[in-house]
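Below you'll find the structures, each written out as structure tokens.
Same chain, two partners: subunit A is paired with subunit B first, then with subunit C.
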Partner chain A sequence: MTPVLEVDRLSIAAGGRRVVDGLSFRIAPGEALALVGESGSGKSATARAVIGLLPPGLAPDGGTIRFGGAPLEAGSATLRKLRGPGIGMVFQEPMTSLNPAHRIGAQMEEGLALHTRLNRAERREACIAMLERVGITDASRRLEAYPHEFSGGMRQRIMLASVMLLKPRLLIADEPTTALDSLTQAEVMDLMSGLAREQGTALLLITHDLGLVARYADRALVMQHGRAVEEGPAAPLLDNPREAYTRALVDALPRRGPAREVPPAPPLIEARNLSVTYPKRGALFRRAEMFQAVDGVSLSIHPGEVVALVGGSGSGKTTLGRAMLRLVPVSGGQLLFQGADVTARTGPALLDFRLACQIVFQDPYSSLDPRMRVRDIVAEPLRLPGGMALDERHRRAEALLEEVGLGGLGARFPHALSGGQRQRVAIARALVRDPALVVADEAVSALDATVRKQVLGLLREQQRRRGFACLFVTHDLGVVEEIADRIVVMQHGRIVEEGPRDVVLDAPRHDYTRALLAAALRRPGAAA
Partner chain B sequence: MLAYVLKRLLVALPTLVLVAASVFFLMRLIPGDPATVILGDAATPEAVADLRLAYGLDRPVLVQFALWIERALAGDLGRSITSGEAVGPLILQRFQVTAAIVFASVGIAVLLAVPLGMLAAWKQNSWGDVAAVASATFLLSIPSFWLGLIFLLVFGLWLGWVPVVGYVTFAEDFWGALHYIALPVATLALIETGVLIRMARASTVEVLRLDYIAHARAKGVPEWRVLARHAFPNAFAPTLTLIGLIMGSLLGGIAVIETVFTLPGLGRLLVEAIFARDYPVIQGVMLFIAVIYVVVNLIVDLLYPVFDPRVTAG
Partner chain C sequence: MRLRPNLLIGGTLLGFVFVVAATALVWTPYDPVRTNLRRRLVPPSQDYWLGTDEFGRDVASRLMEGAVTSLTVAASTVCVALVLGMAIGLAGGFLRGWTDRILGAVNDTLLAFPGILLALGLLAVLGPSRWGIVLALGLAYAPSVARVVRGTVLSIREREFVEASRALGNSELYTLLRHVLPHTAAPVTVLATSLFGWVILSESALSFLGLGVPPPAATWGNMLASARPFMQDAPILSIAPGVMIATCLLGVNLLGDALRDLLDPRDGA
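Presenting the complex of A and B:
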């Protein structure tokens, strides 16, 4: 049978450098192939080259791409006609992949209008049917809505619907669920592979996540530095990797560590019936309705304990994490730190509390001031209060940078560091004052698997050494497995389950916890 | 929608009062008394005192202000000290001249600059893009009076296509008026085109990088349609804000252009009034300019949701 896609010795150059170097692979009709690799492996560039949409700065540098046996020429009219009905593509970022200026109905219909002879009513009908297929209720009314009225997961479904509407023979999915929480991720991936199977569409799945590969791909091709490292049927390849790099990727999947006993002590920080409300959009001259982000939550963290706060998008976990640092206004309940009520503290007293508690944010690109040198970023928390001499501050910052594996990089600016290095800087900044509590808000979610493994290791090692308590906010149960002593599960602003790690993971009581566990992409074989 | 417009206008009221007050009191800090300016160096103290009495300039400044505000609220901006004309009608009459020039030139500039800027962004780093950016920078660096004088020299004096001095209103003679405003419009349009090309190009470059553009292309949408349908509305929204700011500042007076082309516009009225210490005219014009800003910004805000549905007016 003719392969749907045949890539032969493809090379792609950026400036003088090859980001893809002599890559060859084939996809049979209806087959799902995963291109696996970390940032910079050339997997996305390969996907873009197939559909002829290389971003500016990248150019093909030899090799051929055949679609259904016929060669594809970048920029040719045949390629443009193939885009849509021949090759469809789903993008990573649901927040930017739908045009904010147009209604989703119009965007979905556009492809049908270009590639089919359906009339307006038939197109609309097809759109409604497809939206319903991807689980969007009230589809005929939703066609009139704009993208910003949907959540990330919903947008990704709409994107999928608009692509699958054209029944492409090949679907390219470039990290389609990386930006989603694990529950939504599983739903969208299930939909995608289900639709592909129904329509006989071959799938080229671009991902850095081996968990996805195990579950959704027939074959996998592992890439590193633009070259193929290893290729073969997905399950055996992950179970028995032949190449060292593949093995490193497999090893980077989270693994459960031994359970720890945290010595009993009075709670370090304690939320009692804590509530946070946000005003929804208010109408003119009328009081805005309130949205209950955190709804009467009680949670205590003991000294030296690592508590994982788990939940999907919109569960209120991030808001709770921030409320516990008094970073968002608390609307009800009490917050106690070392036995003292800090709920209403202001001025220097609030400052004292905040200095004892630090936070590491999710996005290492926006949480560091691009105009400050790394050394100054880490040293900044030492300026208050009392005022340590500049030399001393710098000395301490450099020492800590050394400790987090960034020795000698203090004079750099954040943009000259990789994502993982930046997250190390953020950790160093949080630790420089020896805090009693660190809130890590999805601190490793934006990182590649191997980098995530390293950063997580660093965080755990520092936690063991310094003994700070840690509230680890995440949607990813895999990460939880690796680091947490206790797990707290949140849904709709409330805690639905709470307990020691092994108990919650091995014998979840609440349905929501079970759903989260089923969706979590854990070590192949180790998955429950 | 209507409620929103009303609310915005209400919110603007304190701004207008603040403008009125600061203009009123700052004017009185400028050295020089209108009576002496009008009567000249040879004025007798008695004549000066009479004139001051006639225009109420002898009363305490706060009382003058209160009186002025009271009349302004009733729609009476007073009379010019130098010419005796009613300030309100005078402003409207002069504003027509300025508005005709500004609307025509900004309109032309937008029609030229937005497509050019978008094409430049689409062909980023090509020679065409470099040429567009270079000419935009060149255009916006030319002083308007210089460009105006060159136009007058070439088209007015050498070629004789248009009159060099004077003005007729559109009501009096439509084609004649077109002749008179052609050069000032061309001058302003070229300069604003420079500013707008850069803006349109920059925002289009941003937009073209986004996934929804790649998504449109991946659907097989032809390039012209990618630009017109998918890039344009998103790229135009920030440009619209700039257009609003430009309109506001130009409608408030294009004194230099009006002076070069000897047009009786709002800008020249203000400059002349300042020289003559014609308090009522200055106050009236400044208040009018503040109103223009409020209205133009309101219109921009009302138009914004058309291009970006994430923003809703009201």
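Presenting the complex of A and C:
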């Protein structure tokens, strides 16, 4: 049988450097192939070369790409006709890949109008049927809606629907669910592989996540530095990797550590019936409607304990994490720190509380001031307790940078560091004042698998050494396995389940926890 | 760091203008305000490098004197506009809420006037004087600075490092000055350089209407304005100040571009 796609010794150059170097692979009709690799491995460049949409600066540098037996040439008219009905593509960022100025109906119809002879009514009918297929209820009315009226997961489904409308023979999905939380990710991926199977579409899945590969791909091709490292049927490849690099990737999947006993002590911080409400967007003089983000939550964290706060997008977990540091206004309930009420503290008293608590944010690209040198960023928290000379602060910052594996990089600006290094800087900033409590808000979610493992390891090692309590906010139950002592699950602003890690993971009581567990991408074949 | 051509050319042009102005402070070929009606509209010669104007005053001397006036007026005006505009923009953008609404409304009202018209109105009240012009043009251009600063602050204040600064326990004022203010440097530098040009042009427009720096003091603007009737007979009267204005503006803009690049740590490393 002719393969749908046949890539032969493809090379792509950026400037003088090859980002893809002699890569060959083929995809049979209806087959799902995963291109696996970390940032910079050339996997996205390969996908874009196939559809002829290489970004400026990248250019093909030899090799051939055949689609259904016929060679594809970048920029040719055949390629343009193939985009859509031949090859469809789903992008990573659902928030920006739909045009916010057009109704989704119009955007979905565009491809049909260009590539088929259906009339207006038929196109509309096809769109409605497809929207219903991807699980958007009330489809005929929703065609008139604009992208901003949908959540990220729904937008990704709409994107998928508009691509699959044209029944492409090959679907390229470039990190399609990286921007989504784990529950939504599982839904979108199930939908995608279901649709592909129904229509006999071959799937080229670009991902850094081995968990996805295990579940959704028939074959996998592991890439590093633009070259193929290992290729083969997905399951055996993950169970028995032959190459060291694949082995490292598999090892980077979260693994449960031994359970720990936290010595009993009075709680370090305690939330009692804590509520946070946000005004929904209101008009100038009208009282805005209130949205209950956190709804009467009670949670205590003991000294030296690592508590994982788990939930999907919109569950209120991030808001709770920030409310516990008094970073968002609390609308009801009490917050006690070391037994003292800090709910309404202001001024110097609030500062005392702030000095004892720290936060690590999700996105290391926006949580560091781009105009400050790394050394100054890490030294900044030492300014406030007072009484420490500038060179002493810098000395401490340098020492801590050394400790987190960034020795000698103190004079750099954040943009000159990788994502993992930046997150280490953020961790160093959080730890330099020796806080009693650290809130880690999705602190490793934006990182590649192997980097995530390293950063998680660093966080755990520092936690063991310094003994701070940690509230680890995440949507990913897999990460929780590695680090948490106790797990708290949130849904719709309330806590639905709470307990020691092994109990929650092995015997979940609440349906929502079970759904999260089912969606979590864990080490294949390694159940507990 | 590689040498940027815009830094080199801009620096040279502006340096030339400054040297001319500095020289004028200590020496000019003739007294720039002394008239000599027997030597009106003399073409350029060895005695009068750029000729004389309709009152027999030496054009070269006036041009040098004008450099001093125009540069001080433009620089002071830009400073006034920056200080006012940045204060309004920072306060509105960072505090949001009613402060922002009120400041924003006032600012938008001022923006709706053409700058020159606003300056005209203010000058009618203040009377034409050097510092009146600085104040009037400064007020007229402050709203556009406020606009740019507010926009930058709005986008920066949502970034997580601002929240991180609060989480460290830093006060709002410290956060504003340490983490937000520096980010306005790039857009404000670019705006300031173009304002510099606008002010020199506006000053000449005001001079043209008789509201500029009062005669007999020389500015490039009023030299240009009074040269208009003699464009045919003595084109040098218009060309000389025109070339100086162009040189100065080009220098300022190129230098501003180079400065913006230098101020951005992403390019500096």
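We take it that the second predicted complex is superposed on the first by the 522 of 528 C-alpha atoms of A that agree within 3 Å, B and C clash if a C-alpha of one lies under 4 Å from a C-alpha of the other, contacts with A are read in each partner's own complex, and residues count from 1 in each chain.
Following the convention adopted for this analysis, a contact is a pair of C-beta atoms (placed from the backbone, for glycine too) under 8 Å apart; a residue touches a chain by one contact, two chains touch by 3 or more.
Computed from a predicted structure; not experimentally measured.
> With both complexes overlaid on chain A, does A:83 touch subunit B (first), subunit C (second), both or neither?
First partner only, subunit B.
> Who does A:369 touch here: subunit B (first), subunit C (second), both, or neither?
Touch partner of A:369: subunit C, not subunit B.
> Output check: A:361 vs subunit B and subunit C. Expected answer is one of first, second, both, neither. What do you get?
second
> Have a look at where A:381 lands relative to subunit B and subunit C in the superposition and call it first, second, both or neither.
Second partner only, subunit C.
> As a test of reading the superposition: which chain, subunit B or subunit C, is in touch with more residues of subunit A?
After superposition, B is the partner touching more of subunit A.
> Just to be sure I read the superposition right, which of the two partners does A:273 touch: subunit B = first, subunit C = second, or both, or neither?
After superposition on chain A, A:273 lies in contact with neither partner.
> Which partner does A:119 reach: the first (subunit B), the second (subunit C), both, or neither?
In the superposition, A:119 touches no partner, neither subunit B nor subunit C.
> Please name which positions on subunit B make contact with subunit A in the complex.
Contact set of subunit B toward subunit A: 3-4, 7, 124-125, 209-212, 214-222, 229-230, 233-234, 307-310, 314.
> Where on subunit A does subunit B make contact in their complex?
Interface residues on subunit A, with respect to subunit B: 48, 51, 53, 55-56, 80-85, 87-89, 91-93, 96-102, 110-111, 114-115, 146, 148, 159, 162-163, 166, 284.
> Mind pulling up the subunit C residues that touch subunit A in the complex?
159-161, 163-170, 179, 182-183, 265-266, 268-269
> Once bound in the complex, which stretches of subunit A touch subunit C?
Of all residues in subunit A, those touching subunit C are 325, 327, 350-351, 354-355, 357-359, 361-363, 366-371, 380-381, 383-384, 412-413, 415-416, 426, 429.
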